[in-house]
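Every chain is named by a letter (A, B and C) in the order it is written, and numbering of its residues begins at 1.
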Amino acid sequence: MHTNLAAQINSFLAAMVLLTAFGMLVQRRMYGLIHLFAWQGLFLSISTAIVGFVAGAHHLYISSILTLSLKVILLPYILHVLIQRLKIHKEVETIVNVPMTMLIGIALVIFSYHLTAPVRELSTLMTRSTLAVALATVMLGLLMMITRKHAVTQIIGFLAMENGLFFAATSATYGMPLVVELGVALDILIAAFIFGIFFFHIHKTFDSLDVDQMARLKEGD
Amino acid sequence: MILYPFIIEILQLLIILALAPVFAGWIKMLKCWSQGRTSPGLFQPYRDIIKLFSKDVVIAGNASWIFRFTPYLVFGVAVLAGGIVPMLSVDLPLAATADVIALVALFAIARFFTALAGMDIGTAFGGMGSSREMTIASLAEPAMLMAIFTVSLASKSTSLSEMVQVIYSGLSVFRPSLAFALLAFILITLAETGRIPVDNPATHLELTMIHEAMILEYSGRHLALLEWAGMMKLFLFVMLGVAVFAPWGIEASGDFAAIPAAFLFMILKLAAAGAGLVLIETGLAKMRLFRLTEFLGSAFLLATLGMLSYFILE
Amino acid sequence: MPLLILLSVPLFAAIVLAFIGDRKYAPEINILGSAATFAAGISLALEVYAEGPMLAGGKFFFVDAFNVYLAVLTSFVSMTTAIFSRRYMRKERQDGHVGPIRMRFYHAMFQLFIFAMLLCLLTNNVGVLWIAMELATLSTVLLVSLYRTPSAIEAAWKYFILCGVGIALALFGTVLLYFAAEKVLGAGGEALLWTNLSQVSGKLEPTVLSLAFVFLMVGYGTKVGLVPVHNWLPDAHSEGPTPISAVLSGLLLNVALYALVRCKVLVDGSTGTHHAGDIMMGFGLLSIIVAAFSLLRQKDIKRMFAYSSIEHMGIATFAFGLGGPIATFGALLHMLVHSLTKSSIFFTVGHASQMHWTQEMDRIKGLIKGNPLVGWGLMFGVMAIVGMPPFGVFTSEFLILTATMKDAPFLTPFLLLGFAVAFAALFRRVQPMVTGPVPSYQRPLKAAHIPVMLHMALVLVIGIYMPDFLNRWFHTAVELLK
């Protein structure tokens, strides 16, 4: 019963992660996006901690704290500061064809479900069903990076993908070995500094963070 | 006790007829309070209805039978639907014959005739209202059915009584599919019953009104019936939501003694739902018509996610 | 021990260079660091050559014939690139393209990049391999945008985003790999060690591994620059500083391909089929054809050679996918000679564009008369890269063609078509650039000649006479990759 309840809570958190992923897909406001991203990180962190507790995989506590400090506190804070410094916090992004994007998103969820079917059948872990959600989160982050044209949004999509990957590691195998998780976290941290620098460069050079303006490099000219 | 279900059925019909205006009054009252105005009281909708009944009916010369027939049909449908949704007890004779899909179809019939009546006279507003109403319906109904299917999957039945029983007995708070379905259902309720942010029930501003535009030509007892039916529809949607997503207190044992308690529970849940609705309505601004596709698209998305998470996560 | 030195020297050099900043002797320290790395690489190679594969650092590092040869190549090309970059970047500074802060950054990041690649090659842990690969991307992203022109920033952004996405998919593949490995080897770091994995590859769950390979293929394939996930490559190569283009083309692509090949060995070992190899052949062939035809349309000289890199990585990927001793031998050789030739070409191209103040091919003329070393260097480089005898690329391409005719004859025409189109496209463009009179706007330049001559000589030697140790070395590697 104990494990059963934990599995249910975990499924619920997985659903919330998925919901935030969809929310980010259609959120137009910068702050809204960052908040959704922070929420996603929080759900992820709680889920990781619960899995760690129930499965007795104590290194997951470290992953959980890592997610909490990095994805819920530090990165949203950095993004917050960046968009305030760049004075783009009031920018509202235009998104074309929201219903279509949502339909594609749903298709991606179904696709992920089918793709992870062999793993689900082989796995004996209580978290096995959430792997599909994890892959769907990765795919939705990818979709977000494709459909959105704002540099900050693309980065948030990228980070959401990383969230999905973290989640995948937890649900498929109760987390990767610690050295790998730490290394991945370090890479994300470095990436955060790099995109921070990038925002300033892009803003300075193009006077906006709309990536559509970057169309100098095209084929055949 | 063989008569028990029939007594319950009649009791339910009485409750919906009597309580729907009170519920509407309760919402108005809360709204007034939230805006710092003095409220007209819980029973103002009764007075409005009585006033309308006492007035003469004015009908345009070119109105056909559809125009005259529609108010009675809409009212009848609302009453009939009231017999299906379990409020006090799951032991309803009508619920056994008509499941939740039939319920959606009943509402669709009412809407269809209202839209026809809106166009019947041939005024510009009626046609506009009808076309808008049908636009919303075409988006809301798939979402509604999707949400219902999700719950039916979770409870393995489309009969409302059974759904309530299954969910009541094996209830777990952390079922993602139900959570998604509930969110979708709330959005759909706002759209179907014409509340903010989809439609504003309190305005007759020509550019924004939807439901009011359709029934603009009605007067007297026809209007009274339509208004009453509208209140019943809102009441029914709330009761449907309560029955499916928060069935605590609904009586399932076939015992008369439990009915008062069930009634009390119902009143409490209604009051809470009304407060929630007012919270949503005061917190949001009315949406532009073109944004509605996104709003109802989200409802559809949520319902679909609910169904997917039933398969993926449960 | 040499392994530890090999890895710590570039890391140490990166820190030192970050502190030294833009002193006058910074380029020399850069060269010194790379030379020390190269020396360590050689001694490691000798050790492995004498004693066979070895584990080090508590199984954390693993060295065999396959990765040590790439490690030596990496340290060698990084050394010659450091030599080249001394003169090249000095000129860029004089022209005002970069300032002191960016030079400090450039040197430090260059060494960090070398470190990341060496870590990638030498680590035994598939997860760490991923981390190092990401680090290699991150350390070069800001080097691509070093000039801060709008196009450079756009190129770097594309590089960052596309490779970020790609590498994320590769991580998902790694997670799946770990899932399969955990079932056999138990949880913990041991289950991600390549040496353990390759021993039990037959027991790993085939369906999961096939799925994992799809993600790994797309992920690491992005870094290899395989079509259709190659879009970042031409931009990053054309807009970054030329030494970076040289190491990206000559080294990073190789390292990514190395990761892919390691995964392929595991997956084919598990499934017992040729599934993974087929996927690689498909990607490889598509890259060859698309890149060859794209070559025809290019106007920017660095961009053109970037497409040529895509084509050659396609050839190597195709050959690894084909498998078999001859094709694998050819692929290993191809990685080596392509890396040497392409970096040498980029050295000459860098000087040529400095001489003409532009990367547009229409404006580059009379190179042989203007600067014989650059002119002939480019000429021979192109002759080598299109696969003319007696250069080494001819040998490797010939081997790969032979193997294709034997194992997959129906694919030979496509391969030949790619070679022929690439040949025509490159020659058509290069001839007007090297011959003819010197245009008025050309300026004289002191070119870095050692790297070019060294690389071309090596390619020539390998083409004419393959040294015995190299031959034996490759054979050992082929055995490993069976």
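Note that in this section a contact is a pair of C-beta atoms (placed from the backbone, for glycine too) under 8 Å apart; a residue touches a chain by one contact, two chains touch by 3 or more.
Note that the structure is predicted; figures quoted are calculated from it, not measured.
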Shared interface partners, meaning chains that touch chain A and chain B: none
Most widely separated chain from chain A, with each centre as the mean of CA atoms: B
Closest chain to the centre of mass proxy, which here is the mean CA position: A
Rounded Å distance between chain A and chain B, as computed from the means of their C-alpha atoms: 37
Whole-Å gap separating chain A and chain C, where each centre is the average of the chain's CA atoms: 31
Whole-Å gap between the CA centroids of chain B and chain C: 66
Of chain A, residues touching chain C in the complex: 57, 115, 118-119, 122-123, 135, 138, 142, 145, 151, 154, 158, 161-162, 165, 168-169, 172-174, 176-180, 183-184, 186-187, 190-191, 194-195, 197-198, 201-202, 205-206, 211, 214-217, 219-221
Residues of chain C defined as touching chain A within the complex: 125, 127-128, 130-131, 134-135, 138, 141-142, 145, 148-151, 153-158, 160-161, 164-165, 168-169, 171-172, 174-176, 178-179, 182-183, 187-189, 191-192, 205, 207-208, 211, 234-235, 238-239, 294, 297, 299
For the chain A and chain B complex, residues of the former touching the latter: 5, 8-9, 11-12, 14-16, 18-19, 22, 26, 98-99, 102, 105-106, 109-110, 113, 129-130, 132-133
Chain A partner contacts - residues on chain B that touch it in the complex: 172, 174-177, 179-180, 293-294, 297-298, 300-302, 304-305, 308-309, 311-314
